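Lettered A, B, C and D in written order, each chain numbered from 1.
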Amino acid sequence: MSHQAMQHAEDFRAGHALGLDHRKLGMWLFIASEVMFFGGLISAYLHYKYTLGFPETTDLNVVLVGINTMVLLTSSYTVVSALTAIRQGRQGRFAALLLLTILLGVAFLTGQLYEFADLYRQGVTLTSGVFGSSFFTLTGFHGLHVAVGVLWAIVTLFRGLRGTLNAEHNMAVEIFGLYWHFVDIVWIVLFTQIYLIV
Amino acid sequence: MTTASASVSWRRYFWWNTDHKVIGVQYIVTSFFFFILGGALAGLVRAELASPATDLLDGATYNQVMTNHGTLMIFLWVLPVLAGFGNYLIPLMIGARDMVFPRLNALSYWMIPPAGMLMIASFFAGGAEAGWTAYVPLSIGGPPGQTLWALSVMLLGISAIFGAINFLATVIMMRAPGLSIWRLPLFVWGMIATSTLILTATPVLTSGLIMVALDRVVGTHFFTVTSGGDPVLWQNLFWFYSHPAVYIMILPAMGIISEIFPVFARKPIFGYRMIAMSSMAIAILGLTVWAHHMFTSGMDPRLRVPYMVSSMVIAVPTGIKIFSWLATIWNGKLRLTTPMLFALGFISMFLIGGLTGIFLAAIPVDLHVHDTYFVVAHLHFVLFGGSVSAVYAGLYYWFPKITGRMYDEKIGRTHFALNFIGTNLAYLPMFIAGLMGMPRRVAAYDASFTSYNQWATLGALILAASTLPFLYNAVLSWARGPKAAANPWQALTLEWQTSSPPPPENFPEIPTATGDPYDYGEPSPAAEPAAAPAAG
Amino acid sequence: MRERTLFISAIVGIGLIAAGFAVATQANVMPPEASTRAVAVDQLFRILLGVSTVIFLLVEGALVFAVLRFRQRPGDDRPGPAIHGNTSLEILWTLIPAAIVVVIGVYSFQVLAAIEVPGLGPRVVEVVARQFSWQFRYPEADLATTELHLPVGQPVIFQISAEDVIHSFWVPAFRAKRDATPGQISELAMTPIEVGRFPIRCAELCGAGHAIMTSEVVVESVEDFDAWLAEQQAMANDPAQIFLTMGCGACHVLTVAATTGTIGPSLDDLPGVAGTRLAGVGAADYVEQSILAPDDFIVSGFPPGLMPKTFFQRLTPDQIERLAAFLLDQP
Amino acid sequence: MQGSATRPEKGRPSYGVIFLGLVILTAIELGISVLRVLPPLSTALYLLFSGLKVALVAAFYMHLRQDSRFYTAAFVLPALLLLVFALLTIAI
């Protein structure tokens, strides 16, 4: 008998009394650990930035990355609009907005890869030096999280099209939204620390 | 609904199962296997150190044995076995049917065996030689085993993070009606504090290990000194996790002790709220003290003093706990069963560890004793004398609940006697060897330390011998021990209000907790003892 | 009843303090106090030991007393008294440890401030750690040796660094250690006050030879020190001395220099074998090349990459030539 | 089944307005960077604007403003811890 105790609402009475949903709580706790994970990578980057003075030689293409940041901000906007749409039961609009999010995500990744290629041409590679290592690892892991987010969006899109996600059951969209917005927040911090602050 | 004593088939322990009780036992038994492996490596270390020269193991092999002893004992024994206790007991103690994310729970267990295999495999691929601390640049060079080692520790870290998310969410969401936070058993408080630390500290180690792995495999320059890499950065990333890790390993153990004392003294826990708040205080302070491991390193000398202050302040909540435990057993009716004996052993041995911790926090003394056998003695008194004694106490205390059978008291007491003598004999001489000038992690030492090391090796032999009665007792009693009652110790916490072993859904229906979980003893004047909380 | 408990606790209290004081003063668990720093650190250590002994005996005594006195008597299964807490007691055992910690913290800070300040006009000694040997450089005499000599009573500042991995320079008798971190210089100040030979040990895991990475500090009178310094300078060009100073003996066997290192190949048979190792390369060139670029030719059965590759910085070509000649014409 | 009892939806500016705010802030930051404003001023402005953007996304897009304070704590406390660790790691 595979033990799959059906979870009823009354199991979570203590949490609901505090105004908490167990899936959102799980997501926020996961975000807490992700904050610390990126914290480790950012601390390494900033340690070297302020002890070795980055980037010594190359000047980063701030305008291109600025546009890339706008793309990611837009994708946050489309995700939160998609959530409103599904809650109003407008399946079509939900699917369209989620598709737009996926495209914006891919656009961001392309912009990122373009910038990486440009840096590689200038000789700044993952193994070229301390700047290359910490920069590419930090932005690389953020890009990885965006890619995972895009895949997750595609899965959510199919679940929406299949009808499992609707006006009543849409917590999965909100959870995906939390993840996506968190990745967007990480990018805002990275954009400021790497590209803007000199 | 299945009957309470469903036919327990052994097979379900070897396959994906989302019942928190099965996962709890899986964690405990798997980690015990790694405990024995780590113990065997400790035996090798002590055998080598019985004589001053490197006769049994040469320098490199000794470093591998010592490194894997430390890593196995921390990441594959103490952390998983405490996660096992947490998994088995938290749902039962808060009156829930299971953890809030059962599948995530099974996943975090099933990351342990592959990580363990990876760690063992690293041994044969020219194993990790840089100690469990894996300081760079030493851990950047060296044989490929070090990379497997780093991947294994990353996997174990991620498993611990998933576990922490599960524990915190379960305790917040699924407490039984009437179970306010001030009525939670103190073991649950210990797990809350531990899970907070795991959640916030482990990811930083994971990011550090990624940097080491990239440096080793891809050739990045995080820690390459010639191109500007900074070895002290790794020490920061490592110790930011690894000091909270020692509190992660002691807080649940303290929780177990707080559960055992009131039951066997038949007296309420003394200062419940102070103990609960001390757990949280230790957790929060624990996140601010990491650089006391780096007093002698290349860090900026002016920055050391704040770490000394915060490290010493942690002695206050720890002291509150020890004095509260003493006050709990004072004037009680002590039943000296095996769990109680181990709990008493915990206090006396953890005390030695705690006091020597203050020596290490004082910078001038630390500059002499850092990285010496004084530190080795301190950490073993806190971890072996502390956490492992508490784990043994917990294993005996909850043995009837988990297996439905009673363990043999006489064998349990011999196990305690051997363990207590062995621990003190093995680690007390190390204090003096360290003070007199014996550095840490050495395969050979100056002849003047021979006697201390020989006493320590004798103690280690006794410890090795002490695990045999435990194994015999555990296996035999689980198979053929006398049937245990639902509540053999007349305890008041919720896990004892259901059958032993509990049915898959834990409680016929979710109980309502009314009383305080430690409402033992007769209130004076001698009125009728407070009724146990109405079970359902 | 009140007076009795007060009386007993007074007796117990005095007994504990006395025991703590006795242990603190009598316990002799430290190496000799061979530097001003050692005196200050030992004083702090003794205070910590005394306070810890008092607390240790208090808690262990209470534990043993409780186990004996409050054990359940057979047949008496009444529970204990329902005491949940005692606020004043709890406040007491929070404030007293806090007070002790503050006192210890302040005192530790004072001792730290005292021992970290170098004496007036300290002699600078550069300490260079590398896998499995120590080297000491005296900038004033442009001299490098593998044995540290110091004049008694004169303050010294060690500027400690490493060439490969992290080591840790530790002199137990001076009560201090400082990590030798590659890529940075760490300072350590002290003043030796006792004449004698004291061991130097590496306290940070640095690889296979961590345990044998030891040397000695010889604290001697100022005259002996100056004589030693002059003699060392004269020997700077003596190849046998170079062989010792560079720490080759830590890894190689050379009977004529009485070294027993086993990490690298033995050099005793070098005169006969050197000329044959590399086709077309003479014995002298082979030896010199092996010193400057050790990994070019690795004797079978020995690990590559362990021998330092920095001799070209530390030895003049003339010294390398003299060293190679010395290794080739052993008696 | 909306499990969590959220507080009544206070007068929240529409997502569009917030998006506009984010875009404008980013545009200003880009302007500051392109015009090469000198560090002490530019760094202060960058930190202010990025903090504002993070707060906007977290409070409105992630509903922290209307949800239980527990979620805010789960996000803000680790962020503060990270700030302490980052500052100390740079210093050491």
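The rule we apply is simple: a contact is a pair of C-beta atoms (placed from the backbone, for glycine too) under 8 Å apart; a residue touches a chain by one contact, two chains touch by 3 or more.
Note that this is a predicted model, so its numbers are computed, not measured.
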{"item": "A-D compared against B-D, more contacting pairs", "value": "A-D"}
{"item": "Most centrally placed chain - per-chain CA mean versus overall CA mean", "value": "B"}
{"item": "Whole-Å gap separating chain A and chain D, where each centre is the average of the chain's CA atoms", "value": "15"}
{"item": "Chain centre separation in whole Å, for chain C relative to chain A (CA means)", "value": "49"}
{"item": "Separation of mean Cα positions, chain D and chain B [Å, integer]", "value": "38"}
{"item": "Interchain centroid distance [CA atoms averaged], chain A/chain B, Å", "value": "35"}
{"item": "Residues within chain C bordering two or more other chains", "value": "none"}
{"item": "Residues of chain D whose C-beta touches two or more other chains", "value": "70, 77-78, 81, 85, 89"}
{"item": "Chain A: positions in contact with at least two other chains", "value": "12, 18, 20, 22, 25, 29, 32-33, 36, 38-39, 43-44, 47, 51"}
{"item": "Which chain pairs touch, all of them", "value": "A-B, A-D, B-C, B-D"}
{"item": "Chain A residues within the chain D interface of the complex", "value": "9, 12, 16, 18-22, 24-25, 28-29, 31-33, 35-36, 38-39, 42-44, 46-47, 50-51, 62-63, 66, 69-70, 73-74, 76-77, 79-81, 84, 168-169, 171, 174, 177-178, 181-182, 184-185, 188-189, 191-192, 195-198"}
{"item": "Footprint of chain A on chain D - complex, ascending", "value": "1, 3-7, 15-16, 18-19, 22-23, 26, 29-30, 32-34, 39, 42-43, 46-47, 49-50, 53-54, 57-58, 60-63, 67-68, 70-71, 74-75, 77-79, 81-82, 85-86, 89-90"}
{"item": "Residues on chain A engaged by chain B in the complex (per definition of touch)", "value": "1-5, 7, 10-15, 18, 20, 22, 25-26, 29-30, 32-34, 36-41, 43-44, 47-48, 51-52, 126-127, 129-130, 132-134, 137, 141"}
{"item": "Footprint of chain A on chain B - complex, ascending", "value": "2, 6, 17-19, 22, 96-98, 100-102, 104, 161, 164-165, 168-169, 172-177, 179, 199-208, 210-211, 214-215, 218-222, 224, 227-230, 233, 236-237, 240, 504-505, 510"}
{"item": "Chain C - residues contacting chain B, complex", "value": "29-31, 37, 40-41, 44-45, 48, 52, 55-56, 59-60, 62-63, 66-67, 70-72, 76-86, 89-90, 93-94, 97-98, 101, 104-105, 108-109, 111-112, 115-116, 164-166, 168, 170, 172-173, 175-179, 181-184, 186, 199, 201-212, 214, 305"}
